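Before anything else, here is the set of structures, which you'll find just below.
Across the two complexes that follow, chain A remains constant while its partner is chain B and subsequently chain C.
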Partner chain A sequence: MVEEIKEILKSILDNENISQITEEDNLYNIGLDSLNVIKLIISIEKKYNITFDDEDIELKNWKNINRIKGLINKKI
Partner chain B sequence: MQIFNEIYINCKYQALMNMMLLFNKDKNLFLYGFIPKYEFEENYKVYQVKNQMYKPIADLLIENGIYEEKILFSDNILEIIDKCRDNKEKCLIIRIDLYYTPHNLNYYKKKHYKRFILIHNVNKKNATILDKDQYNNYKEYYQIPLGKIEKWYNGYLNNYYFTGIRNDESIFIYNMEKTNINEYNPKELISKVILQLKDVLDSNLNILEQILNKIKNNEEFEIMKTFEKLLASKKVEEYRYSILEDNIINEHIKRQQQIINEIRLELLRNSNQKKTKVINKFSESIKLEKEIIDKLLYIANKSI
Partner chain C sequence: MDEFENEIKKYGPEWVILLLTSRNNDNDTDKILNIINNNKIDWGEIIEQAIGHKILPMICYTFIKNKELYETLPPWINQYVRWIYDMNVHKISILKNKAIELTKQLENHEIEYAATKGIVLENQIYDNKGYRYMSDMDFMVKPEDKSKVINVLKELNYKMGRIDWTENKLRELTREEYIKRVFETNKIPEYGIEIEDPIFKVINIGFIMTFTWKQCEYNDIPIENAFIYNISRKIGIDNLEIKCLNDVYHYIYIILHLYKHAWAGYFSSQKKRSDVNLSRFTDVYRFWKENKNQLVTELPKIIEKYHIEEPIIWTLKNTDKIFNSNIIKDLKFDEFKLTYDLNSTKDRKGNLIKLKGDIVERLYSKNRAELFEE
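What follows is the complex of A and B.
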C-alpha cells in the first residue's frame, strides 16, 4: 500500500524524490498543500474504491503516509 | 536574508514583502493594508480575488522611506539592473518567463509562465534572486549570471508583453532612502482598512450569493478554479486576522477553508447528490462570511 500511495503522490507532486521519503515525513514540506491535497484524496478514493467522510479530509489527516494508510484501512 | 514563506498571496506581493525584509522593514504593511475583493472575470468565466489596498502601494512605501520607480518595459534590462550595482539600498522586482529558468523544473523548457522575482546583491557579473523552489517555498539563488536574468526577462517580453497578453509595468526599482522603521499598531491598521473598505466586504458577500445562485441555476462558470481562488484567499485571511486574536473569526475562517475543500472534493466525485451537497455547504460558508464581517466591523468600530 505504501508504494501505491507513493506512486499517487509522485504523479500529483511531479517529484521523483517521493520514492525516498519515509512514512513519517511531512508531505506538506515537500509540496503538498491545501489545493493539491484534494487531488490526492480523490485519487486514493478511486484507487481503493472508498469514499471519505467530511471529517476525514481535514488537512492534518494527510500529513504523512502513515496517516493516509490509517485512513484507507479504516475504510477498506 | 530572512525570507517570508508563511503564506502565499501572489508573486508580486511575495516579492514586495521580501523586499521589505531585505530592507529590514515591516512586511506586514502589505498584509494588513489590503482586503480581498471578489470579481467575476467574464472572459474566463471565473471569479477572481483581487487585492484591494487601502492606499496605493507607492504611498505606503514612501511612508516607510522606500521609493518605487516603475518602468513599463525595457529593451535593455541589463542597463536597468546595473542601476542597483554594488548598492545595498537598491533592488528590483521584474517579470520573467519561467520557461527559461533552469531552477523551475516544472516549467523549464516545458511551459510558459510569468512571475515576478526579486533581484538584489547585484555586481558586475551576477546577482542574487528570490524565487520559488520545486516545493513552492521562496529561496535565494546566488550568483545568477546577469545574462541569464536578461534571457528570462526577454522571454517574458517576447511571450507576454509584445504579444499583448500583459501591458502593465514589468520592472520596479526600489530605493531605500530612510532606514527608520515606522511604528504602527497592527490591530488599528486592520481596523482602519476594514472601515475604509467596508463596501468591498459587502460587495464580496453579494458575489458569494451570486456564485450560489449560479450553482442553483446550473449556470456555467469555472467552478473549480473559483473555489481554488477562494480557498487561497481564505488562507491569507486566516493569517491576516490572526493578529486580532478573535476566536470566532479564526474558527469561522478555518471552517470556511474546510467547507471549500469539501465542496471541491464533492465536485470531483460522481455522486447523485453532488449539487445539493455543494449548495448546502456553500450556504453554510456564506452564513459564516456574514458573521465574520459583522465581527470585523464590531472590532474595527471599537478600536477607532
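What follows is the complex of A and C.
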C-alpha cells in the first residue's frame, strides 16, 4: 500500500524524490498543499473504491503516508 | 474640466456611463445624457462591461425610468432593455418569497440568522425597484447551528448542488467541488432548489458562518457579537420583514466580502467574475450614501475594536477613487497608512502581486494578465 500511495503522490506532486520519503515525512513540506490534496484524496478514493467521511478529509489527516494508510485501512 | 473627462479619454464614454449609473448621485442621469449626446457610443461595449460587472439590470432601469435617455437607445436594443429589467424584477420577487419561506422555518427551529447582501440591500438602498442584480440568497448563521440549518434546508426540499446553466437544473456537486467546500469551514456548501417557474428553474442559497474567510490575515468578528444588534428589516414584499445585521455590521460585512474577492487569489484565477467588480463597489458606495450619519459615528468604533482597519480602509479608499467620493475624509481616516498598496493583490498561494494601474484600470480591464507588473 505504501508504494501505491507513493505512486499517486509522484503523479500529483511531479516529484521523483517521493520514493525516498519515509512514512512519517511531512508531505506539506514537499509540495502538498490545500489545492493538490484534493487530487490526492480523489485519487486514493478511486484507487481503493472508497469514500472518505467529512472528518477524514481534514487537512491534518493527509500530513504523512502513515496517516493516509490509517484512513484507507479504516475504510477497506 | 468636466468630472470624469479624463476617464472618458482613457476608458471611453461607455465606461463613464457605467460609473454614473452605479453612483446615481443627483444630476448623474443628466451627465449620462450629456455624454451620449456628445460622444459616439459603442452600445455593445456598455452591454459587455455591464454584464461583467453585474449591473446590466441597473443600466436597463436607468434608461427605462428616464424618457430622454430611453430615446437615445438604438432600436435594436430598446426592447431588450425592458425584457432584461423585467426578468430581474421577476427573479428578485422569487428570491424574496423564498427568503421569507426559509426564514420562517429558521425561526420555527429557533435558529438565529441574518440575511445579508442583496436580499437586504435591494429594498434598503436600491429602492425596491428590482434593478439590483441578484444571483442567489445569502445568510449568516452561527457555526454551531450548521447541522440544524442543513436539516431545515432538507425539510424545505433544498439539495446540495449548483445550477447547471445548460440544462437549467440543479446538479449535484462533483466530488472535487464537495471536498473544496468541506475545506471551507467558514460556510455551508451551496444548496439549491428547483422551482416551478417558466424562466428561473433553480434558486441557490448560501450560508456563511464567519465575517472573514479561510486564510484571512485579519481578526474575525465573532458572529454572536454582531447578532446581539440584529434588526428586522422590511424586504419589500407587503410588510414582511426578515432579520439582518444592523447597519454598521452589515456594512463591515459587505466591505470584507469585497476585500476577500479582491485579495483571496481570485485575480490570478481565470474566472473574471470572481474578482472585484463594479457591483460590489456600488453596494459599498450607495450604502454609505444612505447611512452616512450613523456610519460616521459608529463605524470607526467597531473597526478599532476588531483591528480591521486595513481591509476597511483599503476598500473605502478605492471606493473614493472610483466614484469621486469622500468617505475616507468623512471618517477621518486620511492619515492611516495601509500595509498593502492600493494597487496590489495576492495570488492563490498568498504571494503579493503589484498591478499596473489603479482600481479603475483593474475594473475596466478585460484582460487582467496585462496588469501584472514585470
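Going forward, the second predicted complex is superposed on the first by the 76 of 76 C-alpha atoms of A that agree within 3 Å, B and C clash if a C-alpha of one lies under 4 Å from a C-alpha of the other, contacts with A are read in each partner's own complex, and residues count from 1 in each chain.
To be clear about the criterion, a residue touches a chain if its C-beta (ideal position, glycine included) is under 8 Å from a C-beta of that chain, and two chains touch if they have at least 3 such contacts.
Predicted model only: the values in this text are computed from it and were never measured.
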Next on the checklist: After the superposition on A, what does A:T22 contact: first (chain B), second (chain C), both or neither?
Outcome noted: neither
Checklist entry - Between chain B and chain C, which makes contact with more of the residues in chain A? => result B
Next on the checklist: Touch test for A:I30: chain B only (first), chain C only (second), both, or neither?
Outcome noted: first
Checklist entry - For A:D54, is the partner it touches chain B (first), chain C (second), both, or none of the two (neither)? => result both
Next on the checklist: Applying the document's definition of touch, where does A:D14 land relative to chain B and chain C: first, second, both, or neither?
Outcome noted: first
Checklist entry - Both chain B and chain C contact which residues of chain A? => result 33-35, 38, 41-42, 45, 54, 57, 59
Checklist entry - Along chain C, where are the residues that touch chain A in the complex? => result 175-176, 179-180, 182-183, 348-349
Item to check | chain C contact footprint on chain A (complex, rising order) | outcome: 33-35, 38, 41-42, 45, 54, 57, 59
Checklist entry - chain A touches which residues of chain B in the complex? => result 106, 134-136, 228, 231-232, 235, 257-258, 261-262, 264-265, 268-269
Checklist outcome for this item: Contacts from chain A onto chain B in the complex sit at residues 14-15, 29-31, 33-35, 37-38, 41-42, 45, 51-52, 54, 57-59
